[in-house]
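Just so it is clear, A, B, C, D, E and F label the chains in written order, and each chain counts residues from 1 on its own.
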Amino acid sequence: MGTVSLLADEDLSPEAAEVFAEIRAARQTDYVNNFWRALAHDPALLRATWDRLKVVMAPGALDPLVKEMLYVAVSTANSCSYCVHSHTAAAKAKGMTDEMQAEMLAVVGMAAQTNALVTGLQVEVDDAFKA
Amino acid sequence: MGTVSLLADEDLSPEAAEVFAEIRAARQTDYVNNFWRALAHDPALLRATWDRLKVVMAPGALDPLVKEMLYVAVSTANSCSYCVHSHTAAAKAKGMTDEMQAEMLAVVGMAAQTNALVTGLQVEVDDAFKA
Amino acid sequence: MGTVSLLADEDLSPEAAEVFAEIRAARQTDYVNNFWRALAHDPALLRATWDRLKVVMAPGALDPLVKEMLYVAVSTANSCSYCVHSHTAAAKAKGMTDEMQAEMLAVVGMAAQTNALVTGLQVEVDDAFKA
Amino acid sequence: MGTVSLLADEDLSPEAAEVFAEIRAARQTDYVNNFWRALAHDPALLRATWDRLKVVMAPGALDPLVKEMLYVAVSTANSCSYCVHSHTAAAKAKGMTDEMQAEMLAVVGMAAQTNALVTGLQVEVDDAFKA
Amino acid sequence: MGTVSLLADEDLSPEAAEVFAEIRAARQTDYVNNFWRALAHDPALLRATWDRLKVVMAPGALDPLVKEMLYVAVSTANSCSYCVHSHTAAAKAKGMTDEMQAEMLAVVGMAAQTNALVTGLQVEVDDAFKA
Amino acid sequence: MGTVSLLADEDLSPEAAEVFAEIRAARQTDYVNNFWRALAHDPALLRATWDRLKVVMAPGALDPLVKEMLYVAVSTANSCSYCVHSHTAAAKAKGMTDEMQAEMLAVVGMAAQTNALVTGLQVEVDDAFKA
């Protein structure tokens, strides 16, 4: 499968190898998952994606676990199977319990349902909601 | 606009009026937003949606603000304009600061981008991510 | 609004005018809605769309009202506001009652919810469902 | 695969086992498909989903086969592979012939095409379509 | 897999066989891919799809490779795994280099990200952009 | 409308003002469109988005007009009304003729249709398409 091959470490360009080294250091594991191995064909995109991901997912006004669950929610709505798998695993690694996963999924399902109802009914935005 | 009219209080069936009374009591405001006024044409769906929403959005393993931000994230991914407006307003009412909103949006945007990259690359799920 | 203008009857190419005449005859009304007026900039696409639409929406194994409700359901899932409006109007013209609309919307909402749950859970297809 | 395991009958909570018993009785088969086995990790969501599904899919102003085809159409638009498989199987079990499936798919494809054209053209909603 | 079987050459109706012959002639290969073999259950839809595809993808104001990359971009946004695979292969056959594929994917990812940001921010359309 | 206000020049942070100056210089116009004015509430996201957009949309293996049409195609598939308006305007500014726009839209519509058919049929990926 895949529209590009997954690059092994020995096939990486120096720029891509540098990003892989940073991923390994940041995550404290030797394992680099398939997404990065596919992206490595384009070292500039790999670099830009990794650099931005680090910033976006870092602790801030929201904690990293909340951010990871937001990532799973969006990936679910976008029907990205790989992304649901990888970010669910990441969320579990950051402390998402079975209860938290179940509640997150219930919200995602509820939102999908009311999104569809609102669209089917073509409800106008209340003035009260306009910034 | 709308594929159905928005029902005024005096046009509600007794079953719908009962749900509206519960919404007003739960939210401690007389204001009932357009979604419910459109849904009120089908009192059974109105009842089922309200009953389930209360349960799903209640405090649990996740706090209500996190749930509201998950709702906004899914609504954004599903391109539901009304839902983005109404749940962003709800999240602000529950304490979402400008910084939290900005970080949430940054995660939503990042997820949308990597979802698209993964789909375009057709990356295979790593064995490590399979439950 | 619009990324192209809406063509008035006097601005139509002969090929587009011919399609408009067919739309008016088939629908037994002088009114031609905005979709066709936007599409008329590309007479070949206008012709292909109209010709195919007539065939697809004609009575067959499914009756036209069922087909129109399927159209609304897909348009809702695809977040196409114009399409929800126009095909809901068409479904009503073909006999969709308020009860039928409400039941259709309830199915659309239910499907959106379980679609999201299945994607979030990444449920594997049962062997029993494979053709 | 899956972000949760599929629960076997012997792993069910009493609440989940009760829902499974109802599914078996309603469908008159011992077979319970994977969706329910994944959902069973959250007995409250399992219960809510099953209870609501029974009501929404019951005969009413629309017959169950029409509802099932609407379900397939939405699942297709939402790119839910599992859902397309399971609800196509359900529709066939309720009497969907090959001709009906072909006509349904033709409508789904036509709707997807014109949804995209309308969005690309950003056609404004006709006043005639506003409720 | 599949909600219908893939038809072998010997199972085709005369109308479907005729379309297959045209596909083979146009593509100068004996290989007919699975999409057409699934679609062949509905010869009228097969004919309509093939006839229109030939016209839409033919050289015109845009060259066929650009059209093929647009096809991949839309298929990616619509999460159609099969379509991403088949149209990426077609684009490569028409001359898409690794660099072109990488740049196309970078645009698709960027667009997905800003689409989400715009929707989350609910930005109003500038008057300057209205046709 | 909007879930945040649109910032006027005098309300910008120094970091945001710097990005606005770069946008004005790059585009050789004083006009800065609403997307950037909404994004300016988060100067870091504004900076990251602008910096990356410049790189992604620059001439390379694909010319800027092709990239802009890919952007419109994805925005259409993602139902982002603002994005369709703004990137269609940008494509026209870069030389997209009416014929090119019509052909692009025809491809987008065709892709949406066959994406839906493939998903409804659940066609398996041909071995020939696997990289």
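The working rule: a residue touches a chain if its C-beta (ideal position, glycine included) is under 8 Å from a C-beta of that chain, and two chains touch if they have at least 3 such contacts.
Source: prediction; values computed, not measured.
Trainee: Which chains lie in contact with each of chain C and chain F?
Mentor: Chains that touch both chain C and chain F, as defined above, are A, B, D, E.
Trainee: Counting C-beta pairs in contact, which chain pair has more, C-E or C-D?
Mentor: C-D
Trainee: Using mean CA coordinates as chain centres, what's the chain A-chain B distance in Å?
Mentor: The answer is 21 Å.
Trainee: So how far apart, in whole Å, are chain B and chain F when each is placed at the average of its C-alpha atoms?
Mentor: 27
Trainee: How many Å are there between the centre of chain A and the centre of chain C, using C-alpha atoms for each centre?
Mentor: 34
Trainee: Among the residues of chain F, pick out those that touch two or more other chains and give their numbers.
Mentor: Residues 1-4, 45, 52, 74, 76-81, 84-85, 88, 102, 104-106, 108-117, 119-122, 125, 130.
Trainee: What is the shape of the graph in which nodes denote protein chains and edges denote touching chain pairs (line, ring, star, complete, other)?
Mentor: It is complete, because no pair of chains fails to touch.
Trainee: Once bound in the complex, which stretches of chain D touch chain A?
Mentor: Residue positions touching the partner: 1, 3-4, 41-42, 45, 74, 78-80.
Trainee: Can you list the residues on chain C that touch chain D in the complex?
Mentor: Residues 1-4, 6, 31, 33-35, 38-39, 45, 49, 52-53, 56-57, 60-62, 66-67, 69-71, 73-78, 80-83, 85-89, 97, 99-100, 102-104, 106-108, 110-126, 128-130.
Trainee: Can you tell me which positions in chain A touch chain C when the two form their complex?
Mentor: My answer: residues 72, 76-77, 79, 81, 84-85, 88, 104-105, 108-117, 119-122.
Trainee: Residue numbers of chain C touching chain E in their complex, please.
Mentor: 1-5, 44, 48, 52, 55, 125, 130-131
Trainee: What residues on chain C touch chain B, complex-wise?
Mentor: 79, 84-85, 88, 98, 101-102, 105-106, 109, 116
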